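In the two complexes that follow, subunit A is the common piece, with subunit B as its partner first and subunit C second.
Here is the complex of A and B:
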């Protein structure tokens, strides 16, 4: 087809210009280089001037165009494929965060620049309590979940038995229980007329756990979620650890504790960091658990934010508080991003 | 009583056995005790303070919950939102996932970076930031707004997991198809897609389940106009007697269980351990 067209061209136009054109077109068809594609397009425009060849040249124009689009399509393809997702992120993540950032420095009435929105959260005693409360809960959750989850993973990995086989498959389950169902179930156990209280009454006592509307209840719920998570991550990490390195340590007389500190911990350090950052990030902004288990004062930051947004309808302070929360998470967030990007490459 | 003394048990069965059993019991009571208690309450009719077990069993609370006029609408909302959001995010994310896995382009790291951003910060902060804008664009309390929130939640997962699946496919397999004359689209549909399907299914499954149980974003952006099963559960816990919550928990769990079982059947056991690190 193309050859036929080019022959036609050859027949009708005699001259060096036409020959040049033909070779250019052919090269263009073979090599598909962008520069040639553009020149071919330009030149096919120029040869369409003489009337007698207009028909054939328009046909060759189409073919050149097709090549042109195919070529540029290949170059643009990644951008076309990622464009919808990119626009979504720009429109609904980056733009709102930017907008929030700007708004947090604005006075709600005069629209002037101000630090007042931030100052409120650092000066107001109630808000300061909220910060301390949140940090206390998050730190306790991270520490306890890491120690218990890691301990469980060590036990499951190094002590093969029917128990560890069972527990291995059971640790997967909490991930799939909807958060609200789990929270509800725990509330039924720990509330003052809950299962614990009723159990104690069987033995004549009247034990009131006092976990509801208290930070220990929130921590307990967080542990329910985060311990299996830590265990799963650490199990994956431990299974990558070579038994030979532990045997080598045992051979030169290292005790269990020494092996743990010198061999196991350093080898799983990266996953420890990952799990820590995950739990930290997940709990700074936690909402459902403190909403249902937490008390009226102090509140976790997620609830305080919801109040500012929903009850006080003060968007400037809402914005300031979310920026503060972003800042609290920025360290762990950057670790999370860097780590994931590195994994991808 | 002598046979049951702890020391005796300890020496009869051995140290390891006792410790194993203790760990198992503590683990089981903490993680599954509450759930089993809820399972028991499903069929309770009277469950008052001093009694550990319900004093009367029956289906009264099932009748009550199933008789709620809103229930059907709420369930439909949940499924509809999950379905729409999952399909939209599939359409948006799969091409992007393919591009990330297979094509080299400028700004790829920045693209990935912007996606990780969605998961790197507290969700509730992001929701309020979006909510402020939603008020301006009148998306507050609309299905569209809720769907957007759900799609955003799925983005990272839907790009990360499928792109991992695409990356695992050997390029030679695609090239072989091209060599025998298949066009790029045909190659993609009959070679690339079937191999990547389990990975995509994992992502879609987790996204769908995540959407069904997503509560805080929906509460913030959609409540009270758009109610889902998950947001109704807040009210059930706060305002209703315990048994109502138990029955509602089961209704929330049913779709999860069905989807998990079907996916496990279709794609194997490994599907349950996918994407822990997200």
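Here is the complex of A and C:
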């Protein structure tokens, strides 16, 4: 008798529990499904919030909408934030470059596809001189700046003298002087009627440096700028080199030159590569220095580009030369990137 | 029998800031491990760097194997140094690191390979030969650094706090390792450390340094039993100091016993703690702190604030604290 009552009661309780569970599950499924459809990942969220289940239908409807926006807001926000920068890059960098690229293959009159714009720069003797001239100056600048800048960095790093300390603070000065000002100042010194010439006349001579309108003048100016740059980069690299690793090499019996080749150079190789790439790229497109110091022929590519654009108003050839210069620079950049990747492995 | 490997005759070297070493006189015997021990700035590393030729001396002479090396640069000396860290060249493999010095000595390639294989066998790590230093643990790197030095068969192997960058457990293993390698090769070792435990565990003799001078030279046991002054006494092991007017009585925590009813003097227990295999009891006597080690079985009978008698079984007496150096 008692048992039967109990069973009845149990059934009732179980039944209501099961019903409740069923409706809850239905509600849950109905209102959670849009979110579940959007992302499978978020399903863990809905499970971990059991109080959501017991809410009334309308409340969970609102909450579902809120969650929908919360979720999409969270997803969209990064894109919204990067949108202005993205539009700027697309509008002012990607579009002009793409346009330039297409234009370089276009005939100025017929608008048809042509290789002529490129052919001109590789066939015309004046333009070929410009290429050779530019490469000669850039290679000389890179080589001299690296050797002299690295040497200076070694001296500054390893010498404890007051001269070294003084020079170290001087190396940052060129960074603070505008290129144009520096170039004019150097011209005042090196031109044939400049400071050097007048000094020589004090002693009865008549020294004419002959650096103006000549590649050596441009290289000199480039070095003025790039040696301190190399020195700064190499100093940072050298200071990461632990004294113990040099002392260990000394201890084993290695002389100075061997330590330089076997320990110092390999440890600073990455920065050497960075400095080389940066100087190379910076000088391929240099304008101020060759414009002020360089002669009428041959010209550096930056000046040749300026001529095509401003004097000859030939936008198609300007575009072609731009693409060529870009390719030269990206060649050196890819050299750097490939080496960088190899180092990381 | 004990031939002298290194003789340091009255060397001095004072830096611009006043630190340095003053009139150091020291002999290192053939085949021993000699430890230079002291707090930082006491000049222990300076002595080692002078020995290795990384530091010139202001005055005095250094003789190795009877030859005056005072004026020789590091790369011309029959010594080899292992530094605290960054010993190995990161851009070279372990093999290249080990081979570098041998190549400089114009050794044949096959001979180099043979020697390196034997050395890695001695170090018990032949599997690392092709690895780069960054792929090794700190302890492994220091072992390779020791191997690189040993390959050059130096008259003296100099170690400048080589294990201080390693954690305590590895450090203990490395000590055992160094002792084994030293036994097997018979090399003379000069070892610098600020860790008295390391010095005690490792050394045949310890040189205790104090402010650029030598405080005491002796075997670890003798230094522990008979510290020459208060400074050494406080630096090596634990020591109680009882100020008694003119003199200071010093005794080790294990050289005193406690008793409930009889002893030298009555002191109050402050704290009772267990160090596992023994108990540590701190007390105060005439407002001076004391520490006594007791058997772990006896530990239960002592409580804080209890009055007990202390009996000092073995003590040393030093001059008044104002007159002695150190803490």
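To be clear about the criterion, the second predicted complex is superposed on the first by the 264 of 345 C-alpha atoms of A that agree within 3 Å, B and C clash if a C-alpha of one lies under 4 Å from a C-alpha of the other, contacts with A are read in each partner's own complex, and residues count from 1 in each chain.
Note that a contact is a pair of C-beta atoms (placed from the backbone, for glycine too) under 8 Å apart; a residue touches a chain by one contact, two chains touch by 3 or more.
All of these numbers come straight from a predicted model, not from anything done at the bench.
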Practice item. Examine A:306 and indicate which partner it touches, taking first as subunit B and second as subunit C; both and neither are also allowed. Key: first
Check your understanding: Who contacts more of subunit A, subunit B or subunit C?
Key -> B
Exercise for review: Please work out whether A:292 is in contact with subunit B alone, subunit C alone, both, or neither, and reply first, second, both or neither.
Suggested key: first
Point to revise | Which of subunit B and subunit C A:245 touches, first, second, both or neither | key: second
Exercise for review: Using the superposition on chain A described above, determine whether A:158 touches subunit B (first), subunit C (second), both, or neither.
Suggested key: neither
Review point. Between subunit B (first) and subunit C (second), which, if any, makes contact with A:262: first, second, both or neither?
Key: second
Review point. Does subunit B (first) or subunit C (second) touch A:199, or do both, or does neither?
Key: first
Point to revise | Touching partner for A:253 - first (subunit B), second (subunit C), both, neither | key: second
Check your understanding: Taking the contacts subunit A makes with subunit B in one complex and with subunit C in the other, which residues are shared?
Key -> none
Review point. Which residues, counting only subunit A, touch subunit B once they are in their complex?
Key: 77-82, 84-86, 88-90, 92-97, 99-100, 103, 152, 155, 159, 161-164, 166-167, 170, 172-189, 193, 195, 197-199, 201-202, 224, 228-229, 232-233, 236, 274, 278, 281, 284-288, 291-292, 301-302, 305-306, 308-310, 315, 318-319, 321-323, 325-326, 329, 332-334, 336-337, 340-341, 344-345
Point to revise | Interface residues, subunit A side, partner subunit C - complex | key: 242, 244-245, 247-255, 258, 262-263, 266-267
Check your understanding: What residues on subunit B touch subunit A, complex-wise?
Key -> 16, 20-21, 23-24, 27-28, 30-35, 37-38, 41, 49-52, 91-93, 95-96, 98-100, 103-105, 108-109, 111-126, 128-133, 148, 151-152, 155, 159-160, 209, 212-213, 215-216, 220, 230, 233-234, 236-238, 242, 245-246, 249, 252-253, 256, 260, 272-273, 276-277
Check your understanding: Which part of subunit C faces subunit A closely enough to touch in the complex?
Key -> 52, 54, 73-76, 79-81, 83-91, 100-101, 104-105, 145, 148-149, 152
